[in-house]
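Shared between the two complexes below is subunit A, which has subunit B as its partner in the first and subunit C in the second.
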Partner chain A sequence: MKRWWAQPLVRAVVALALPFAVPAIITLLIWALPGSPADNICRGATGCDALAARWNLDQGMVHFYLAWMGDALRGDLGRSWSAVQGVGIRELLAPAVPVTVMLISLSVLPLFLGAALAGLGWIPRRFDPIFQAVGLVPAMVPALVVYAVITLAMGAVAADGSESLLLKLFAGALILGTTDGALSGAITGTRSVFDNERKQQYVLVAQLRGEGVLSNTLPNVAGALAGQLRARILHLLSGAVIVEAVLRIDGLGDFLWRATLHQDFGLLLAAATGFALVSGVILLLQASLEVLVAWHQRRAPQVPVAVGA
Partner chain B sequence: MPRNLALLLAFLSLGLLLMAAVVAPERRTVEAEAAAFASPLDLPPLGADERGRPLTDYAMQGAHIVAVPALVAGLLVTLLGTAGGLVRCMGSERVESLVSGFREVVGALPRMVVLLVVAMLLPLEWRSLLALAVVWALLAAPGAMDEAAAVAGRLGGARFVEALRAHGFSRLRIYLYHVVALNLRPVVVRQGAETLMQVVFLEVALSYLALAAGEPSFTHNEAVTKSWADLLYQGYQAIAMDVPSMHVLVLGLALVAVTALAAVSISSAARAR
Partner chain C sequence: MGRSRHLLIAAGLSAAVLSTGAALTYYEGSLPTTLNPLYAAKMVDYRAQELVFDRLWYHSPINNELESKLVASWEMTDGGKGIKLELVSGIKWHGGEPFTADDVCFTVKAMLDPGTPSPIAEAYRDILAGCTVEGRSTAVVHFTRFVHNPRERLGFAVLPEGAFEGNTAISPDLEFSARPSGTGPMKGSRGTRGVTFQSFANAQHNPQIAQMQLQESGDPLLGIKALINNSVQGIIEVAPNFRADVSSSDELALKSYDLRSWWFVAINTKKAPLDDRRVRQALNFMLDRTELREKSIGVKPGERNSPCEFISGPFVPSSPYYNRSVPAVERSDLAQAEALLKEAGMEKVGGRWQFKGQPISLRMGMEKSLDNEAPDILSYISNQFEAAGIGSQVYKIPPDNWTTEAITGHLTDYDLLVGKWSFGQVEDVNELYYTRSRGKGTRNIFNYSDPEVDRLLAQYDAAKIDTAARDAYHKLHAKLAEDLPYLFLWKLDTKSAWRNEVKSNTIAPYFYFTQFDAWRYEG
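So, the complex of A and B:
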C-alpha cells in the first residue's frame, strides 16, 4: 500500500467492525448448523419453544442478532443460559474483564523487557537457545505445576478463593509471558528487525555524523515492532483462556471456557464479543502508533534529491 | 543443531508419532487391578495406570488422536505461507491487497476464542480434532503468509523473478525452486512445524480441561480412546494428592517433549544453508 494512511485506516475499520462482526459470525454459525437453532441449543430440554422465544431464537437469524446487539449496546447482555444459570452476564463479566486485562498487561511486561533489551543489544545471542527452549514449553504444563503448588501451600479452598488471586495473576502472567514462544519470539523478532534496519545506509551516515543509532532507527521500525507486539498480545489472549481455566482465575477466558463446556450460547456470545473488543482496542492502538510514526517521519526535513541521482 | 542431526531427529520423532498412531489399539487393554500404578520396571515398557492398564495404550492412542490433524494443520499453514510469499513475487497489487485484507481481518481474531466457538457450535457427530486443527491452521496462516511475504519482499519480489527470467529460467522453475525451495522453505516449514506442535498441545490442553471438569472432550471419544491429556491428569495427582503416579506424569511430559523436539528438528533441518 503506497499511501501512508491506507494501512492505519484499514486497521481502524477492522478494529471498529470486530465487536460487531464476531457476534454476527457466531450467529451465522448457529443458523448454518443442521437442525433448528433452538433444538441445537436446547438439546432436548423441556419447554424448548418457550426458551427459544425468550432467547429470540424463534424469529430468524437477523432478528436474533439485532435483538442481541441492541441489548448489548444498551448494556444488557442477558442471562447465562447454562454455565451459571439465570445469573446476569453483565454481573459475571464486569469483574472478569479487569482481571483478564491485568493478566495480559502483566504478561506483556516480560515481552517489553525482552524486546527492549534485545533492541539495545543487551541480550547476547548465545542465550537465545535458552529462551527458545523455555518457549517450547506449553503454558498448560507450568500452569498445572503452579496450581498444584498453590493448592498444597494454601489448601484447596484458598487456592480457588480471592485471597490467592494476586498470586495466581502474577504466576499466570509470568507463565504467559515466557512460555509458548512469547518471550523468545519477542527477543529474536525485535533483534532481527533492528539488525535489518541497522544495515541501511542512512544509519551509517547518521553514525558518521555522530548521531545515535537508536534515535534514527526507532521511528522507522516502530510500525513493525507494533505489529509484532499486537500479534504477541493476541497470542497471549489465546493463552489466557488456558491459563485462567487451569489456575481457576475468574477472568474472561475462564468464562469463555465454561461457556463452551456448558453449551452456554449467551455467555459465549458476550465473552467472545469481549475478546473482540479487546482485540479491536489493540488494533486501534497499533493504527494510532502508525499514524504517529508517519506524522513524525513527514515532519523530518526533506532532503533534496540531486538531478540524475 | 547440525542439519544432518536435525534431519535424523525429525525423521525419528515424526516416525515414532506416525508409527504409534498406526499401531494404536482401537480399544484399551482390559483392566488388571493388581498391576495398578505398576512402574515401567514392573510392567515394561512404560508401566500401568490406576487400573493396571498399560500406559503404552495411552501413548499410542494419544498419538492416533493427534497425528493426522497435526500434520494436516502443519501442511495447510506451509501451503498458505508459500502462497503468501508467491503472491508477493507475482507483483500483482490487486491480489496483494486482497491477501493483505484477509491477513488483517483473520489475524485480528484471537485464535482460541474462534476455536472454542467452533468447538461448541459443531454438532456432536462432527466433533473431532481435525476440524479444530483446520480452524487453528487457518487462523495461524496470516502470520506465516506475512513472514513469507516479507522474505519474498527482501528477495526483490517481482523484480527477482524478472531478473531470473532474463537469465532464461522458466517461471515454474523460478517459483518452485528459486523462490519456494531455496528462499521460502526455512520460513514456511518452521511455521508449519510450529503449527503441528501447537495442534498437539491444543489437544492436550482442551482434553485436560474437559477431563478436569468431568465433561466430554471436544477432540475424541474418551469412552473408547485416551489422549495424552489423561497421562497429565493422572500424573498431576502425584504432585497434588500424593498418588504413586509420577511415572505417568513423566511419560506425559516426555511425549510433550518429543513433540517439541519434532517441531524444532523439522525447523532446523529445513533452515537455509
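So, the complex of A and C:
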C-alpha cells in the first residue's frame, strides 16, 4: 500500500509513450527490410529519387521518423501512397477509429457478460469444455463464412453499403468476442480470480458477519480484473485486424493490413499509431481504476486480525 | 396543390433517372491502384481510366481504325517530326473548365518532366520532344524523330492543366489519383472499397448509364453467385472453371475480351546449356501446346473460335506485325528434340538428359497471377519436360516481384520464366529484345542479346512508313522463332460475364470501355 501510485504512474507513462514508440519501432522495421525503403516503393521507376525525397525516405530512418512525427503532431498525416493512392490518410482514418472502437466495444459485451456470470458463480464449471471448444476456433474461419453469406445475400452492397456495415460489425463483434479463446478465457479467468479471493480470511470473516461476498471481494479484485480486461481488449484489437480484413470493414485494423500489404508506410505508421492511442487510452483507464481502488481501500476501515489465532 | 406539386417533382426526378439509365455494379479481380493515367500499372487501372479520360487517339473496336474524340483534324508539320492538332470545340473537363490546347501541351510537358516518376511517361520520352500551343484549340506536338505511326504514338490520355495548377512534375500520391478530372464519359471517384463512376454528358460523349460501381470480387465463386443473383451485373474476367456456370444461365452472357496479350516461356540464354540454340529448339519441340491448353485452359480439340490461339512470334495473330509464314509448333516432336540435344552434345542416361555428366534440371518460375487464367500451367509444362527427360523445379513469383525483379532482368538464377505481355495501342516489342544498355532493353527479362535482332529493332525504330516497320518486325518474328529467346505459347483471350440487362456492351480490346457511350442498362 505504501507505493500505491507506482503502478498507475508507470501505466500512464507507458500510455503517453506508446504513440511515439510504436511509429519508431515500425520505422526500425521498415529499414530492417531487405533493400532500401525507397526502392521497395518505387520499384525501379525513374524519378525514384524525387519520390524518395518527397516521402522523406532519402535521409535515413531518423529523418523519416522525425519528419513523420512532426507532420503528425501538426495534424498532417499526408496521403496514401499505394493502398488507396491519393486519398488523405486523415480522411481515411478519421471514420475508421470509431468503427474499430465500436467493433471492440461490441465484442467486449460477451466478455463482460461471461465474466459477470462467472464472477457470480452462475455459469457451472461443467459448461467450461463447451466454451473452451468454441474458443479453439480461429476468428478467421467464422469470419470467412460470414463474409460469404453476406456477399451472397447482399452482393455489391456487401462491400460498400452502410446497411451492411452494421451487420458486419455485429457479426464481427460476435466472432471476436467468442472465438480465439476470448470468451472461455474471460469466464475461467474471472472465476479463478474470485475463487482465490474467496479463500482470503477477510472474506470468511465478512461472511461470518453476514456480509455479502461480492461487495467485499470486488474492490480487491477490481485491479486484477481490470488487468485481465485490458489484456483481453488488446487481444481483441489484434483479432480486429483479421476480422476487419476478412469482413472488409473499414476500420483501423483493415487499414493496418492494407498498408502493410501495399508497403504504404505513411498509412501504416498512422494506423499503427491509432492502435497505440487506443491502447494508451485503455492503459490510462486501467491506471485510473487502480487509483480509484487504492483510494477506496485507503478510505475503508481496517479489519482487525487476531494475531496468533 | 402542395401534394400534386410534390408528385410532379417526384415524377420529374423519376423520369430524369430513367432517361439517364440506372446504376450498375461490376466486379474486377482487384481495385485500381490509381485513376491517374500516368501511373497505370495493371489492366484494371487502364480499364477504369478508359471511363474517365479520353486518349488523343484510339483504335475503334468496330473497324480497328484510328479515331479521336478530341482531335477534329490534324496535319504533319516540321518535315514529319511534328503533328498539328485542331481540337474539337465545346469539350469540358469534369470540373466544368473548357478543354484546350494548353491541356494537351501540359500533358506532353508533364510526361517529359523528369520530376514525373512515371514508367508510362518514361516510355514517351524517347519519342516526344515537346509541344507548342498555337491558339486556344491548336497544338503542335513535336517528336524526337520521324515516326511512321504518329497518331498511334499519341495514344495517351490528356490531363487537365488546371488540376495541377500548371505544375508539370506529377507525383502519384496527389488527390488527382483518387478523384481525377477527365473528359471521358464518366466522372470517377475512388473510395476505400471501390470506384464510383457518375455519367458526364459532354460534347463528344453521351453516356446512357447514370452511375456505375467498380468493386473487388474476392472469391471467384462468390462473384459468380452474386452475378447469378443479380447482386452485381458484370464480371470482367471469369476464371476458366466458372465459364460453364455462366454459359448455362439464360440471364447471363459470356463475352470475349481480347487482352491483346501473348504468353511465353522466356529462356535464360546466358546459362549453359540453354546458351546453345539447339537446346532451346529442343525444348520448343518438347512442349505439346495442344495438350497444355487442353488441360490448363480447357480448350477442346477442334474447338472453333477458341480463346487461345498458338503463336510463333512476339505478336498476337491479328497484328499486322505477325509473320504468318512462320508456323507455330502445336504438337511435341520428341524425336526431333532428341536429335537436337544429341547434336548439342547431350547424353541420355536412364531416361534423363545429361550435360557434362550431370542431369539437366531447370529452375522454372511463373508470375503467380497467371494461374487464374491458365490453372496449373506451370506444373503441366514441368511434367512435359520431365516426360521428355529434363528435370525441373517450379516456383511461383508474386506479381510485385515479377515487376521489380523479373522484368528488370534480375531473376537470372532462373532458367525459364513463364509470363505474358499485353500491348495496348502500340505493339512495340523493342524493349523486350534490345540488348540491355543505355536505356534500351528495359524489359529484357534474361538480358538476351543478339546483333541481328538489335539491327532489326533499329530498323523498326527508323521506319518512315508502315510497310517498312512491318517488314522489320516480320523479319524479327522469323529471327526470334529460330533463335528462341522465348518459347512462344499462345495469345489468350479472357471472358467477361454480363447480365442480359446490360445491352450494347461492346468490349474493346485491351481498354474494354472504349465504346461505353453505347452501353445501356435496363435493370
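Methods note: the second predicted complex is superposed on the first by the 284 of 309 C-alpha atoms of A that agree within 3 Å, B and C clash if a C-alpha of one lies under 4 Å from a C-alpha of the other, contacts with A are read in each partner's own complex, and residues count from 1 in each chain.
The rule is short, and it goes like this: a contact is a pair of C-beta atoms (placed from the backbone, for glycine too) under 8 Å apart; a residue touches a chain by one contact, two chains touch by 3 or more.
This structure is a prediction, so every number in the text was calculated from the model and none was measured.
Enquirer: May I ask you to decide whether A:F194 touches subunit B, subunit C, both, or neither, giving the answer as first, second, both or neither?
Expert: neither
Enquirer: Answer with first, second, both or neither: which of subunit B and subunit C does A:R54 touch in the superposed model?
Expert: Second partner only, subunit C.
Enquirer: Once the shared chain is lined up, is A:S238 touching subunit B (first), subunit C (second), both, or neither of them?
Expert: So A:S238 only meets subunit B here.
Enquirer: So, does A:F131 touch the first partner subunit B, the second partner subunit C, both, or neither?
Expert: A:F131 sits against neither subunit B nor subunit C.
Enquirer: In the overlay, answer first, second, both or neither for which of subunit B and subunit C A:F64 touches.
Expert: Once the two structures are laid over each other on A, A:F64 reaches no partner at all.
Enquirer: Mind working out whether A:F275 is in touch with subunit B, subunit C, both or neither, as first, second, both or neither?
Expert: Touch status of A:F275: first partner only.
Enquirer: For A:M154 in the superposed arrangement: first (subunit B), second (subunit C), both or neither?
Expert: A:M154 sits against subunit C, while subunit B stays out of touch.
Enquirer: Is A:M140 in contact with subunit B, with subunit C, with both, or with neither (first, second, both, neither)?
Expert: first
Enquirer: Go through subunit A and flag every residue that touches subunit B in one model and subunit C in the other.
Expert: Common to the two interfaces on subunit A: residues 148, 151-152.
Enquirer: In the complex formed with subunit A, which residues of subunit B make contact?
Expert: 97, 100-101, 104-105, 107-113, 116-123, 143, 154, 194, 197, 201, 204-205, 208-210, 213, 215, 218, 232, 236, 239-240, 253, 256, 260, 263-264
Enquirer: Which positions of subunit A touch subunit B when the two form their complex?
Expert: Against subunit B, subunit A makes touches at 1, 10-11, 14-15, 18, 22, 25-26, 29-30, 33-35, 40, 132, 136-138, 140-141, 144-145, 148-149, 151-152, 181, 196, 231, 234-235, 237-239, 241-242, 245-246, 253, 256-257, 259-263, 265, 268, 271-272, 275-276, 278-280, 283.
Enquirer: Show which residues of subunit C lie in contact with subunit A when the two form their complex.
Expert: The contact residues of subunit C facing subunit A are 25, 33-36, 39, 114-119, 122, 169, 171-179, 190-194, 213, 215-216, 218-219, 222, 225-226, 229-232, 400, 403-404, 408.
Enquirer: Any idea which subunit A residues touch subunit C in the complex?
Expert: Those residues of subunit A that touch subunit C are 42-48, 50-51, 54-55, 78-82, 84-88, 92, 147-148, 151-152, 154-160, 248, 250.
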